[in-house]
Amino acid sequence: MPSSIVCFGEIMLRLSPLTPLERLEKTHALKMDFAGAESNVAVSLAKLGHNARFVTCLPDNGIGQAAINNLRQFGVDTQYIRRSGKRVGTYFIEYGASVRASQVTYDREGSAIAQVKAGDFDWESILVGNDWLMLTGITPALSESCRQECLTVLATAQKLGVRVAFDLNFRRTLWSHEAARSAFDQILPYVNLLFANVGSVADIFGWNPDPAQRWEDHQENARKAVAILLQQHPFDRIALTIRDYSSGARQNWGAILHEHHQFYDSRCYPIEVVERLGGGDAFAAGVLHGLEQRWNHAQTIEFAAAASALKHTIPGDLNLLSEREILEVADGDIRGLIKR
Amino acid sequence: MPSSIVCFGEIMLRLSPLTPLERLEKTHALKMDFAGAESNVAVSLAKLGHNARFVTCLPDNGIGQAAINNLRQFGVDTQYIRRSGKRVGTYFIEYGASVRASQVTYDREGSAIAQVKAGDFDWESILVGNDWLMLTGITPALSESCRQECLTVLATAQKLGVRVAFDLNFRRTLWSHEAARSAFDQILPYVNLLFANVGSVADIFGWNPDPAQRWEDHQENARKAVAILLQQHPFDRIALTIRDYSSGARQNWGAILHEHHQFYDSRCYPIEVVERLGGGDAFAAGVLHGLEQRWNHAQTIEFAAAASALKHTIPGDLNLLSEREILEVADGDIRGLIKR
Amino acid sequence: MPSSIVCFGEIMLRLSPLTPLERLEKTHALKMDFAGAESNVAVSLAKLGHNARFVTCLPDNGIGQAAINNLRQFGVDTQYIRRSGKRVGTYFIEYGASVRASQVTYDREGSAIAQVKAGDFDWESILVGNDWLMLTGITPALSESCRQECLTVLATAQKLGVRVAFDLNFRRTLWSHEAARSAFDQILPYVNLLFANVGSVADIFGWNPDPAQRWEDHQENARKAVAILLQQHPFDRIALTIRDYSSGARQNWGAILHEHHQFYDSRCYPIEVVERLGGGDAFAAGVLHGLEQRWNHAQTIEFAAAASALKHTIPGDLNLLSEREILEVADGDIRGLIKR
Amino acid sequence: MPSSIVCFGEIMLRLSPLTPLERLEKTHALKMDFAGAESNVAVSLAKLGHNARFVTCLPDNGIGQAAINNLRQFGVDTQYIRRSGKRVGTYFIEYGASVRASQVTYDREGSAIAQVKAGDFDWESILVGNDWLMLTGITPALSESCRQECLTVLATAQKLGVRVAFDLNFRRTLWSHEAARSAFDQILPYVNLLFANVGSVADIFGWNPDPAQRWEDHQENARKAVAILLQQHPFDRIALTIRDYSSGARQNWGAILHEHHQFYDSRCYPIEVVERLGGGDAFAAGVLHGLEQRWNHAQTIEFAAAASALKHTIPGDLNLLSEREILEVADGDIRGLIKR
Amino acid sequence: MPSSIVCFGEIMLRLSPLTPLERLEKTHALKMDFAGAESNVAVSLAKLGHNARFVTCLPDNGIGQAAINNLRQFGVDTQYIRRSGKRVGTYFIEYGASVRASQVTYDREGSAIAQVKAGDFDWESILVGNDWLMLTGITPALSESCRQECLTVLATAQKLGVRVAFDLNFRRTLWSHEAARSAFDQILPYVNLLFANVGSVADIFGWNPDPAQRWEDHQENARKAVAILLQQHPFDRIALTIRDYSSGARQNWGAILHEHHQFYDSRCYPIEVVERLGGGDAFAAGVLHGLEQRWNHAQTIEFAAAASALKHTIPGDLNLLSEREILEVADGDIRGLIKR
Amino acid sequence: MPSSIVCFGEIMLRLSPLTPLERLEKTHALKMDFAGAESNVAVSLAKLGHNARFVTCLPDNGIGQAAINNLRQFGVDTQYIRRSGKRVGTYFIEYGASVRASQVTYDREGSAIAQVKAGDFDWESILVGNDWLMLTGITPALSESCRQECLTVLATAQKLGVRVAFDLNFRRTLWSHEAARSAFDQILPYVNLLFANVGSVADIFGWNPDPAQRWEDHQENARKAVAILLQQHPFDRIALTIRDYSSGARQNWGAILHEHHQFYDSRCYPIEVVERLGGGDAFAAGVLHGLEQRWNHAQTIEFAAAASALKHTIPGDLNLLSEREILEVADGDIRGLIKR
């Protein structure tokens, strides 16, 4: 049965050289997409059959309209997107390869959503009747008014009995560790379901994880990260992705779910990475889908891990895979045979 | 010395997202190619210097003409292609990567060739003076009239002393195992040279091959498949490709040839796969080329294995490599160094 | 105030050479769009702020999904699209230039919608609460079951008090004049608002319009066409586009609206044609918009003429212009100055 | 009934900026085609159903092969193309627009055909059984050995009774007027059917045509050009294209045929020019087609004029139009309506 | 002899749909260029052989570097570009056609140059030894600090004896008429050579020009505009472009130069417009080139008018034509014949 | 501190199929770049902040201009490029994959630089005040006059105290071993800094290196190559790249530097190869940069090895990476993580 979720955050214009692997200073055409952590989750959930509503501010011009069209094509409900502000936040991505890093260049300052004002949204109307509210650690970092708006929407959700999912993204180019900690201290008490990974926990809570060689080491670090998180707040559930970079463009990928002192581990998925961005968002959508389908936790974390592993094989931020396609991989069919 | 071959079957419009690895639901431009098992063999043989004639039905419109132009550019003789029917069978391919499967979507019903009628072709004129007729298990599956036409052309070939090569493709979306078995029972008695692989033998004859870990296990399974085939009919020669999927996007690839109780093995080629489709067709052309060049069987199977290994490195169905280029790889130069 | 409309018909995969003006037989990449008369109207109306619901059948594969995504991006309600059938009807378009005609090649037989069966749709649920039902003369021509479904939906609309708009398209490749006449005899009695042009009236009713040199001659012919149509049925309103081809790639374009013995004429718009397809659909949407805005008839026909004139300047079938942009042209700003 | 023709000359690699109207110094991708006056004629004739054989030298590398594939796709017989030499002659074209001229940059020196040696071709085998030999004034200008080879092939044609068609192209960047005159003095006596235009006659024979305003003036100049040509040699037939540039990107285009003191005029075709190159070659093919179809001369010149008018609407050098499509325009349908 | 010029202003990232004439809300790839009035002038002058230095601020990231590379490729001296600030001002352009206007959407707020601070540039070092300083009315409108910087650079130029050219662009989206008037009152006293057109004079000085039908009417309006300008300040020279929009996508274009009570008129150039942007910048460069070549004023204005007429035939803002190519058109060769 | 270097050689038009991995005979659009060993070094050095001057001959047409623009965009000083000759040398590259080799097809004969004449360049003016002259073994192989010009420039450099760097490239398609040996015997005495690799030393000096399995074996071979080179001439410094092909598309890459009987080894970089061409040129630039930065030799060779390893991840010949980006990899960050 489809559930209903409201995602609130920024959707950005995403530009990357049309010629694969080209540098920006030598390119002459750009692929035009739109992406953002929360809207990526909304697209995944809509693709999995849920009612996903995305809320943001976008200017009343062709780029703002293109962003809306982009969301609508995947079935996301955009009716509460406010047409205000002057610009769409933008980022450029130069893909790396092998030993060369990918480089993201942000040009997001002054975006429409960063200039949100109290009262711009009627959150009761937007949230009522929904099952979940999804936020991430990016939105409160965009501006002081965004941080306030997050608290407003969280309070409204609590009041209406809408559960809260939160992804602990930390963007060091947007704010300091201290500012993040202070904001998260206000936010986390509202959160039912927390998404994170070893890196973000380490960044935010000043933790220094042990070096990890084997997959089991990475899993152990994830367990420690859960412990640290539980010291902050007794979250109902915590779900972490696990990434093992040690082999360059080839990565091992998996996940872990915690509830009531119990850990549920996914398999380790060896993947050749087509695209790094959007893996965590696909994972969050996968966990939410499993919970709403009332699958057991082992099934849920396996599905979410498979979903996000698959996401790494698709260009762009969006995880355009159906439940059936994800289940096949979650069931162990990871050879990538041709299907006719 | 060039030999002459007639290939009969369907050539389809092949459409795939122009942006690599994109999903159909997010794409806006399509690469336009034409392909089909029998026409792929014809192109390979023309590229290797033989007189390759391709026979089919194509509608008298721009798409039909584009299909013909596509074949002609590689030197295939298209003079006996009949302009009839209303549509060109079509398929869409979404390429996968890593753990994500490639997905082929067929839209081939009602194609011109599926509506062939007895008497549409003057097979004596078409076949006379040729060395080989090449068919595959796809054509009889297209329609009842196609199945009948296959039998007609086989009988004509037998009458004219034209040898018959047949690739035992089985397409489960086109017909049932029973229908296939019944058709193949009629066809196989005409066949001199049979192409197959472990998978198609298993599918058609209800055989359950042993799990294979090492390359030798795969070779052993191939030998067993030959034994099963020989129970059906005493084929002069049987040639099988061997594919070891165990390592995901990287595969081991090789082949085996059987004649008079003797097996001839190729090397095992480790390949990084650019394109899965067309490997078997390149192999069939390679075997036919070796036989017509009067090479010894070890040379022939090595050449055919190298040809089809190389095919996996070219986008699209067609094996656009010259004899010299294939021989270099067959001779062991598999490092892919740059040639100036 | 937005009104609500249901459009029922076929949406097709539209493929055209990616290189401008190339012929199909020389092209290697195709632009991929989706279009159909009724869905074009739905997109225009959604763009103008109305609730536009499009109803059809589409197969449950990537192409069907792409068609839905294409509609959703422009805000069309696709929730009642039925996922059934095996293929999406397809057409190829080779653009001409100057003295060279554009060539449309249809491959639409056996499409999902052509195989609609009685009972596939619950029309009461689909239509209830809507202001308009929009059909065209294409759908009843697709198959006998399509013709029946049109009558069913018309009867349901009548029962529910939903007004009916109908575009008198005649496709000679789909059926004969006699078959069309016979179907239209059944359909037209349900129609409140009829769209047509001199050519379709001439084709269907065997009328031979006078040769026209001046714009006034074309307008006079349009008036005669209205008279012919009124002999069939006392339509509340009839709206005709007027096209004057006499100057090649440059055309004069305008429209006329009839109600209660009164004619309302638009200006004559001189246009340089970027794209011929979709002009009539943009016109129909423009008339419906004006009526629903309660504009007077002179304003309405001017708006609709301007909308469809503008449509000729956009590649593809869809009229992606806002009310404000259309009004500027309807108000006489036809110089195409740059706006900053 | 199809006739057989041998065309001998150079086929060049043709490169133009992929972004329309871009300058070479700002472009980053090139459209890749192959073209040459004689091969253009061969493609046109093959498209019209004739047996067209193209003879040249091309190096044994990927570019040479691409040139052959390009010809073969349109059905041209390439079996006598000699694989020799080191490079394919190349030209770059920057398209102009409005008041900006198109700019062709040649890089053709040292091409394979320019280095032809006596005895490279067995002309008797190549020509025997053919109806026509087609040459142009470009080939003798490429090199001294090319000039000699032209004389050899002309003498062989005369001996075998193969009629000779010749297009009087004059390329001032390749040779002087004097050298051209001297070569043409040797060549023209072999010619049965001569193609020319006012400009080439003026250039080569030092004639100064009267300024022309009206179409009749241009026709009159063409008649004078015929008179000048007849002073050189009593050609059986002379066919001239007539181009009236006076209106910029829009041109009037027509043709005239002379035989036995009789002139046959085509209509004047007003055209908006998509592509200037290849018009004369399309015309030559049109005249040859009409003659071989045994049409009367009025029909022939109308068909040829329509064919070359249509050529101006297709990007690239090649006239990819069928007899039926050309006949429709020759019959007066020049409005470019859409055909479904 | 080459002269030296310093241009100061903003260079923006210019993005337009890669598919011609597509709307932003339906596009998926963007052509990436860089443009700005002052940098356009610099590119034109570098192309004409002058030492053109462009000065601005650009962030130290890949987009800033791409902007610099873009200028350097055409030979502009970029050594004094300051790497500071966070973003490159951006604009999107949707091309219109026929009756449809082109739409420019700016996203330039907060660009690096808008945040220039006093002392950021060492103007004496930058200007010394140069012949000209070129500014436009856009830069002072970007921010208060930009306005101040303009006054600083003007004062420095005056001190060093560098002559000042100024283009009276007025951007109504950047500031009010009053603000513009106030700024121009400070700027114009420094100006030796003023560029303008009827529209900008009308906008800024609240003048209402007479309706113009014939070319002569447009010329008369231009003369009146000169008179108005001379009331502001006794400019040495004033050069105006004249545009006659009356015929839609086809425009008449010309120019007028005033010095010492004397007017110099160019011819009227009928042009089919490929691209509207950059015409005025090409004109300014053309006038400066003529002056520096010491041509007489009639020659200069003809050259500048031809240069800017030609600019309308090139996609993008930049006038990539050589002196020789412009002179051919200035000499009356406006038929756009092909050059080989 | 930036140093100044003069690079002299050929820059070629580089054309490769726009569709990745396509064969030339099936492609229809080409990516257009410009490359050459010496100009690649110049671009790398300019990118690293040095004054890099590239000297060659280029024809005065659009292609020659495009080559200059291409260099200028990366900040290379092109003021001494001579506009002469008729053509730009060209090469085509078909990328291979896995077991398929990449294929370079040269069409460089008769290029402008190959026709250089004594006195064409005023080398004293060009070289004076520069720190380095960079040549490679390709230029003397282009023509006899090129060989002479190399000796002239070397003698001038010696006279002016400009140090000489030389890359021992050997192109077997351009000349014989004997001709190369003879030319190098004249050139090497001028050389201060020599670049080479095991393959070129083996080719030129008829040495047969031992088969190498482990990285240490490759290093050992490199040491032996240095010994052989030192027998020719007591070079100040020799720098060799080390490539271990054994694993197909994945290679191990490193370098070694020799000075005063001392060897300095880089790490071994495991790389997945995006592009083979240009690695040696990136290496040469890296060594020169380290030397000019006065880094110690261990730092220098590590930087150069990292620079050239990174080059393998960028499409095209040019190493568009900044010093900072290279240093990160040289410091051991080879996991290719995403940077935000």
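A, B, C, D, E and F label the chains in the order they appear, each numbered from 1.
Here is the rule we use: a residue touches a chain if its C-beta (ideal position, glycine included) is under 8 Å from a C-beta of that chain, and two chains touch if they have at least 3 such contacts.
The model shown is predicted, which means the values in this text are computed figures rather than measured ones.
Visitor: Which chains, if any, touch subunit A and subunit C both?
Guide: Touches both subunit A and subunit C: B, E.
Visitor: Can you list every chain in contact with both subunit A and subunit F?
Guide: B, E
Visitor: Across the interfaces A-E and E-F, which one involves more C-beta pairs in contact?
Guide: By the number of C-beta pairs in contact, the winner is A-E.
Visitor: Using C-alpha centres only, name the chain that sits farthest from subunit C.
Guide: F
Visitor: Equivalent interface to B-C, which of A-C, A-F or A-E, with over half of contact pairs matching by residue number?
Guide: Overlap exceeds half of the contact pairs only for A-E.
Visitor: Measuring from the mean C-alpha position of subunit D to the mean C-alpha position of subunit F, what distance in angstrom results?
Guide: 45
Visitor: Please tell me the distance, in whole Å, between the geometric centres of subunit C and subunit F computed from their C-alpha atoms.
Guide: Roughly 62 Å separates the two chain centres.
Visitor: Where does subunit A touch two or more other chains at once, residue-wise?
Guide: 20, 23, 25-26, 28, 31, 69, 73, 103
Visitor: In graph terms, nodes being chains and edges touches, is this line, ring, star, complete or other?
Guide: other
Visitor: Just spell out which pairs of chains touch, all of them.
Guide: So the chains that touch one another pair up as A-B, A-C, A-E, A-F, B-C, B-D, B-F, C-D, C-E, D-E, D-F, E-F.
Visitor: Across the complex, what residues on subunit F touch subunit B?
Guide: Residues 19-23, 25-26, 96-104, 106, 171-173, 245-246, 248-249, 276-277.
Visitor: Any idea which subunit C residues touch subunit A in the complex?
Guide: 69-70, 72-75
Visitor: Residues of subunit F touching subunit A in their complex?
Guide: Within the complex, subunit F contacts subunit A at residues 20, 31, 73, 269-274, 309-310, 312-316, 318, 320-321, 325, 328-329, 333-340.
Visitor: Under the stated contact criterion, what part of subunit A meets subunit E in this complex?
Guide: 15, 18, 23-33, 61-63, 65-66, 69, 86-88, 90, 92, 94, 103, 105, 107, 109-110
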